[in-house]
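After this come two complexes, each holding chain A, first together with chain B and then together with chain C.
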Partner chain A sequence: MNHGSSRVHGTREQLTSLSATSLSCKAPSARSIGTSQAKPETVQKVSDIVREQLALSADTALTAESKFSALGADSLDPVEIVMALEEKFDISVEESDAQNITTIQETADLIEDLVQKKPAAQAS
Partner chain B sequence: MVAKLQVISLCRSLLRAGRKYPDYNIREYTKRRALDGFHMNKNLTDPSKVKEVYAEGKAQLEVVERALKVYLAYPPKTKNIMELKVQ
Partner chain C sequence: MLSSLIPLQLPSRMQTHLWYILPNEVNNKSLLKHYTQLLSQHEKDSISGMQSDELNKKNALLARTLVRTTLARYHTNNNDNTVVDPRALKFKKNLYGKPEVDWEVDDTTTNHPKLQFNISHTDSLIACGVTLNAPVGIDVEDKTRKMRHDVLSLAKRFYSSEEVKFLSSVEDTESQRKEFIKLWTLKEAYVKALGKGFSASPFNTFSIIRSDAETYNLCDQAGEWKFRLLELAASSHYAAICIEGEDGQEAMNVIVHKTIPFVEDELISI
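Showing the complex of A and B:
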């Protein structure tokens, strides 16, 4: 009896631990369209380039949620910003992707997505 | 009627094409001139005028791409001093 119940208990434990892993871990999938959150360093690098491009003073508050339009950017500034980011991170941003970004967080997410996809392409 | 997206797309194409030049001077010039050109005309409202400058931009894009092929055939042998990192 004891032996039997411990086996069942063991299986249940395994099942619970499996479901716990799948619920808590958020693996960065290559196929997701920029839905994973970017690392703080990436956000910082993006912020630096945005600050430089828009000629913002050092004390202008720049958060991840800052919208380009709110920072005084016109419609051509994101083009320059994306170009600078392409060079800095050695990636290539598609036209459709570039048109959809409006905040610093979105930009950082997209960049991380592209950086992650890059080594896979080079390895194959 | 030229859409805003088309204009942005043209700007991006010009910048991308200019980036490929092996010569530092031309690379910097195309980037500066493209951005200046778009900034100069960004407040135009008359559709026919917009169409005119858009066509001008497209023609310039063709020039850049054509000239690029020639310049790629004869890349400079040494790096421009402006491209060298400060020691």
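Showing the complex of A and C:
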């Protein structure tokens, strides 16, 4: 079995321990995906892609807490959403993370985490 | 007046019982209200708290109803062989988040088959697979589901190289799309049967290969995982089932029923 993802998990753990000491008021997140809350504009961009992928009507309310399963997503939708986000943000998501996203917030946190890790010249 | 739940014979070893509901066949308001009364408080709160439209909420209700009533039917009271109350079932999650039944060890008034189950749903079909002592995973997909991305791009991104090679060899675009979906359901079913979450087995780390028209196998497998791929509901959906067998065991046997809990079961020949 391929354990190539362990290198990235090691990086995530380091980030988590850093934020735990510097942000003492924030409870550690139960999920390992994303280590901080994403900016509202990232949440908005993710929501737009989710809305398009799930073919939601304009009056379906989407919040950061919206769960894909509650929106009628099947198991293929999260990976299609991830592919669309990879194209839009020019990032690369770990395979295991791609299938573990369940809400808009989680997805936005993951995206922002990856965008921040990109070399400074590319991030904007 | 609703009939009471009819008891069921346990699955035998290497047998999966597959039960499915078609949500668009279940619209009777008093029946749906009856279903709501079977759920735990947590399940009821979870459904009413869903930021979702009524159809999705109904499907969530039907999914929980299907799981509770189906599992209850395999589980009878010792004194009179009636089916236990579906409300009495408790659920928990394994270390990786896979739902399981939480059997109460001290209860001597009922029998305790060690059933395992897994559910899957789309907008249009909700399914529950049940086995005795064998880890099981199922996944269902609408056969006509279109992908927004090119199928080969999705495969190259997520599937193994052997699977990409196979899909690339399928010339007709529509057949390629169908084979992609079939593989998707089989891969999902395997990871769900493993029960360790997607991180433990990313899709590009294993290959499922078709050896003849109906037989799928895991390449280089440790253990004896058996697969079946079915078409359900007038061939509108693919359903993949994966169970962990024993060395030397024959192929998996599947018994399929379409059901409306408390109303009717229909045995489906496959």
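Heads up, the rule we're going with is that the second predicted complex is superposed on the first by the 86 of 124 C-alpha atoms of A that agree within 3 Å, B and C clash if a C-alpha of one lies under 4 Å from a C-alpha of the other, contacts with A are read in each partner's own complex, and residues count from 1 in each chain.
Just so it is clear, contacts are C-beta pairs under 8 Å (C-beta built on N, C-alpha and C of every residue); 3 or more make two chains touch, one makes a residue touch a chain.
Here the structure is a predicted model, which is why all the values come from computation and not from measurement.
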| item | value |
| --- | --- |
| Which superposed partner A:A108 touches (first chain B, second chain C, both, neither) | neither |
| Which superposed partner A:V50 touches (first chain B, second chain C, both, neither) | neither |
| First (chain B), second (chain C), both or neither touched by A:S66 | second |
| Touched partner set for A:M83, first chain B, second chain C, both or neither | both |
| Chain B versus chain C as contact partner of A:D74, first or second or both or neither | both |
| Which superposed partner A:Q99 touches (first chain B, second chain C, both, neither) | both |
| Chain B versus chain C, judged by how many residues of chain A each one touches | C |
| On chain A, the residue positions that both chain B and chain C contact, one per complex | 74-76, 79-80, 83, 95, 98-99 |
| Residues of chain A that touch chain C when the two form their complex | 1-2, 5, 53, 60-61, 63, 65-67, 70-72, 74-76, 79-80, 83-84, 94-100 |
| Chain A-touching residues of chain B, taken from the complex the two chains share | 4-5, 8-9, 11-12, 15-16, 19, 35, 38-39, 42 |
| Chain A-touching residues of chain C, taken from the complex the two chains share | 50-53, 55-56, 59-60, 120-123, 139, 141-142, 145, 147-149, 153-154, 157-158, 181, 184, 188, 197-206 |
| Residue numbers on chain A that touch chain B, as the complex places them | 74-76, 79-80, 82-83, 87, 95, 98-99 |
